[in-house]
Amino acid sequence: MRLWKQFRGSYFLYSFLHDPVAMSSFVVLTFLTLAAFGAPLIAPHDPYDTTTINIMDSEIPPVWMDGGDKSFTLGTDSQGRDMLSTMLYGMRISIIIGVGAVFLQALIGIVLGLVAGYRGGKIDNFLMRMADVQLSFSTLMVAIFLSAIFQAVFGVAAFESMAVPFLVLVIGIAEWPQYARTVRASVLAEKKKEYVEAARVMGLPANRIMWRHILPNTMSPILVLSTVQVAHAIMSEAALSFLGLGMPITKPSLGSLINSGFDFIFSGSWWITMFPGFLLVLLILVINLLGDWVQDVLNPKLYKG
Amino acid sequence: MTAQTDSLVRITNVVKHFDISGGFLDRISFSGGLPTLTRTTVKALNSVSLDIRQGEILSVVGESGCGKSTLGRTVLGLYPPTSGEIAFRGQRIDNLSPKEMLPFRRKMQMVFQDPYASLNPRMTVRQILEEPTHFHFPDLSGSQVQDKVAEVMCQVGVDPAWAGRFPHEFSGGQRQRISIARALMVDPEFIVADEPISALDVSIQAQILNLIMDCQERFGLTYMFITHDLSVVEHISTRVAVMYLGTLCELASKENLYGDPQHPYSRALLSAIPKLGRKGVAHIRLKGEVPTPIHLPTGCVFHTRCPHTDERCRREIPALRDLPNGSQAACHALEEGRI
Amino acid sequence: MFAFIVRRIIQAIVVMLIISFIGFALKQNVGDPVRELTGISVSAAERDAIREKLGLNDPFLTQYGRFLKGAVLEGNIGQSFFYKKPAMEVILSKAPATLELVLCCSFLIVVLSIPMGIYSAIYPKRLLSRLIMGLSTIGVSVPIFLIAILLIYVFAIELNWLPSYGRGETVNVWGWESGLLTMDGLKHLILPATALTALMLPLFVRLIRSEMMEVLESEYVKFAWAKGLPRMRIWFVHAFKNTLLPVITVGGVQLGTMIAFTILTETVFQWGGLGFLFLEAVERADTSLLVAYLIFVGIIFVVVNTVVDIIYGLVNPMVRITGRK
Amino acid sequence: MTHLLDVQDLVVKFRLRAGDLTALNGINFTLNPGERMGLVGESGAGKSVAGFSIINLISKPGFIASGRVLFEGEEISAYPLEQLRDIRGNRISMIFQDPMMTLNPVLTIGTQMVETIQAHNKVSTAHAREIALEKLQKVYISSPGKRLGQYPHELSGGMRQRVVIAISLLTNPSLIIADEPTTALDVTIQAEVMALLLELCKNENMGLILITHDLGVVSQVTEKIAVMYAGRIVEQGLTDEIVTNPRHPYTRGLIQALPQGKSGGRRLHQIPGMMPNLTSIPQGCAFHPRCEQAMDICRQVAPPLFGDSATSGIACHLYAQTR
């Protein structure tokens, strides 16, 4: 109750209510998320149910164009699946992978960053050197490599059947350095502050100081980073799927839908690519806009360089 | 006043060096074209010996970088000393494990400089004050702890009704009171106060100084008061230790230091205090700059700036010696009667 | 400063060792070197003989040592199973296409992002600045393959102004297949380069703007105003020189991102460069080629990052004089 | 005689989303050529804002809402930026608080000095370097020739502040505004820098506005004082008079709160409470909630500056009759 009251009176809420961009982004994001997770309820067709799909329905244009069909509002893809339904299901996969990957990154990154920052010394040197090498390759490159390796080791079929956890793992491993560096930088800053010394003078054990005193104070940068990273992870997933290293076309995410449509763009079926593309951009854009707003409000110093 | 001569904390030949050379690669340097590995150490404390007596306020003064804060933190075991001993009531504490150290943690507390950084911004005042109590007195019941929080908050002049608030809801002066309350929660005997008022405004400084002195009276506390503000030192201390570049220059009673400073550095320092109503600036000018604690001068650390330097000062490190007026100072010139 | 450079170079070598080790471990565990040499139609007994002859039954570290020796002395990383040529040779033959793309984009980014970033930092409230910032927020949110597809759809399919795939006509200049010297090659370059630039530009504009705004708030810039300096001098000498430092560091790191994105760009535009080659190698499970790609890209990153660090050191007097960051 | 500086009813506000915040609420003071004045107050009193508003260099979102600043008879508060440039750094110089932050870290001392001269005078770089060298010698910097080629981080704090002072002297200004010039420095260096500033002002007959919270420093260097509280001047007058005989309850409290040599061991006088936030300045006299002598009128009417002469005044209802 007290927390709620505090939240209601907070600057956070105040600035949210006075920022139309943040509010409309939030509304759009909520709408998209609800639509994605409510897909089984609201989608007109079930794209996973092969019995309802008729290959003869393929490449039907949206309803307002010549040759459109009333039951397929946004047309169909090359396999005759309803675009709207497939996109909703695809967005659900994109969001699940995006959020799941960020959880994994955050978990690895926060633990390693906290340990590196608080303990310092050799562990710190080693972890940060590793993070540096990985980051200099760029997270996308690492993700591409990892999925390529996974596909080679487990075979394409196994990879496709386990694509969601694999992609979460791949993107999670590829991007942990972002968290580790951010957390480490803010731990180093917090560690110098006198409340940490006060806790040490009290004789509190190191673990308790790390988790109970320092960690809560690194939450602002973690929150800011997390919004950016969700957008990033969704984008990475789309890129991997686009390259054929991600979700299979039988269970498409937005990225694999765009990829499958790309071949048909030359024959004029632009909607198979453009609709999921637009949805993807909208999704990432609203998350980024919210991220910008969160950063403005919390204004933490993110790790640079 | 026999109790005053009892030593509560004894610091013997404490040395503290910090290695800032970094990783292996950072240590590579080139001298005469050949790669060599060099270590860079900051010599923060160079053999400091000091007794803190029961019930006194011992002030440690000096300019930034003189090692006064390091001394305070080393005494409390925040930094392990490179060499030397620290004893509390005669028992050596610098080599104890964190567990063996616990009973002493309760006796020795610290108050910090920056009231904005010294309280955890994510904890309420109640949590800040309860945590040490729960930790050190696990036998106390919840209501006993709450009573104690309320009591101590009253003692430092913060309304206990505000215990549910977060630090950022308080002003700098009030936070410093809470910081003092946190130290008092575990019934300490000895408090290291590291520049506790220098981040505060003048009118607030007086409030906190008064509080510090009240607490001493009420709880029979002993303080090590670290500051650069010489007028504050004159106001509150029993004895004063003057430090320069990690070395103790002069240790004297307040009256002796302000009335009859002995060490050339103390003299220069005291002449520089801006005094209300004194016209113009008439201070003893020191030549040159403070050397870095990475490259300490040989012999007496002050010889590069001292007006009385001779050959011996450049060569030999002076020891702290008793002077006729009862003070102690580390200076060859004083010992030889040159000044 | 000399010690600083030596340190950076030792660091670069260590990083390369780590990368080569990872590459080698991949090769050992993922690929089958015998197949790379012989193809599939060889009996099990013959395979074992070849294994023994190649020293594939030696301890891991011995093999790694041999691999490293071959790689450093002869540039030999292994044989591409598909091309039946040394993998490094294949990589080098495709590298010019990718490098030309990357260099063109880097040039465009530097030329465009600096004025845009500075302008929007100095006049944050003007309409043009808001436009730049708005566009760059959208730009960050559009995946590169979508930009590429959109460009193809508009300029190649609908308007039919520009070619949609391939490098076009190239000229061989001392072994370097260049598309920059022919009209046709340049035409082919426009869309891929635009796509890649459109992706990276917003990042740099936002970075330069935020760094510059921070510097403009600093005490020394305020002091420069108090000294009565002309505003051009304050902006371009006092503020921009300090903005440059973090931008240089990030710029080096972002080059890695750019090369990663060439994989996507080249796929969409069927640009016959490294990224395209890499994806083919993934599909064909051509491990040696993958490892060669990893090591080649690794070398580029390490060299660029080391050069960037040294430039940083030269620009920043703190490093130049103390040799420390 | 025209004053060197004449500040009239200066009001400075900060434009915030929630509305305008008054940081400086109508201050008045004058300074004669060669006169040294201290602007004293605690943090948040508006003393720095006052200093910076003289050359119209208030950080955003601050702006001068009303009032005038006359410098040698010219109304410089109305000048556009290009004209102000001729004042700033040329006829009025500033010295900032933290010498570690004031100098640009990537430019050499020489560059930063030469550019200042060349911004205001058409001189060759060689000639400008000579002037720079001469000023560096004036502030007692050892081997000044070498310093010109060095970067700020190669110098110690005290040395940097002397470089900043040298920069402020380059164009022979008639007024120097020093914003807490010694707060970031150690005691012995503080004394040196202060002595230097005093000597230079006397020798060159420059006016000085010294902004500080340290009454001790002010009393040693300045001839007159203005004490500020919550955006207003509450008392001004000759330094000697105010230090020995403070009349405004706030000034008195401030001086009594200072630990003085002979007060040893006793409790210090303390002013209860703290300075109000700019967002919640009490009605009437801003000091009344902390004032022991507050009367009914204090809670309703903000006292004007009651003055017995042109140079001194007290904003306190207790002194309303002494007019």
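Note that the chains are named A, B, C and D in the order they appear, and that numbering of residues resets to 1 at the start of each chain.
Note that contacts are C-beta pairs under 8 Å (C-beta built on N, C-alpha and C of every residue); 3 or more make two chains touch, one makes a residue touch a chain.
Model, not experiment: these values are computed from the prediction.
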item	value
Between B-D and C-D, the pair joined by more C-beta contacts	B-D
Chain centre separation in whole Å, for chain C relative to chain B (CA means)	53
Euclidean distance of C-alpha centroids - chain B vs chain D, Å	32
Chain C residues counted as touching two or more neighbouring chains	none
In chain B, residues with contacts to at least two other chains	none
For chain D, residues that touch 2 or more chains besides their own	none
Contacting chain pairs - touch in the sense defined above	A-B, A-C, B-C, B-D, C-D
Chain C residues touching chain B - in the complex, by the definition given at the top	2-3, 6-7, 10-11, 323-324
Interfacial residue positions of chain B with respect to chain A in the complex	23, 73, 76, 78, 98, 101-102, 105-106, 108-110, 112-114, 117-122, 131-132, 135-136, 164, 179, 182, 186
Chain D residues touching chain B - in the complex, by the definition given at the top	42-43, 156, 158-159, 186-192, 194-195, 198, 213-217, 219-221, 240, 243-244, 253-255, 257-261, 263-265, 267-272, 274-275
Complex interface listing, chain D residues touching chain C	55, 57, 59, 81, 84-90, 93-94, 96, 98, 101-108, 115-116, 119-120, 151, 153-154, 164, 167
Touching residues (chain side chain C, partner chain D) in the complex	217-231, 233, 237-238, 241-242, 245, 315-318, 321
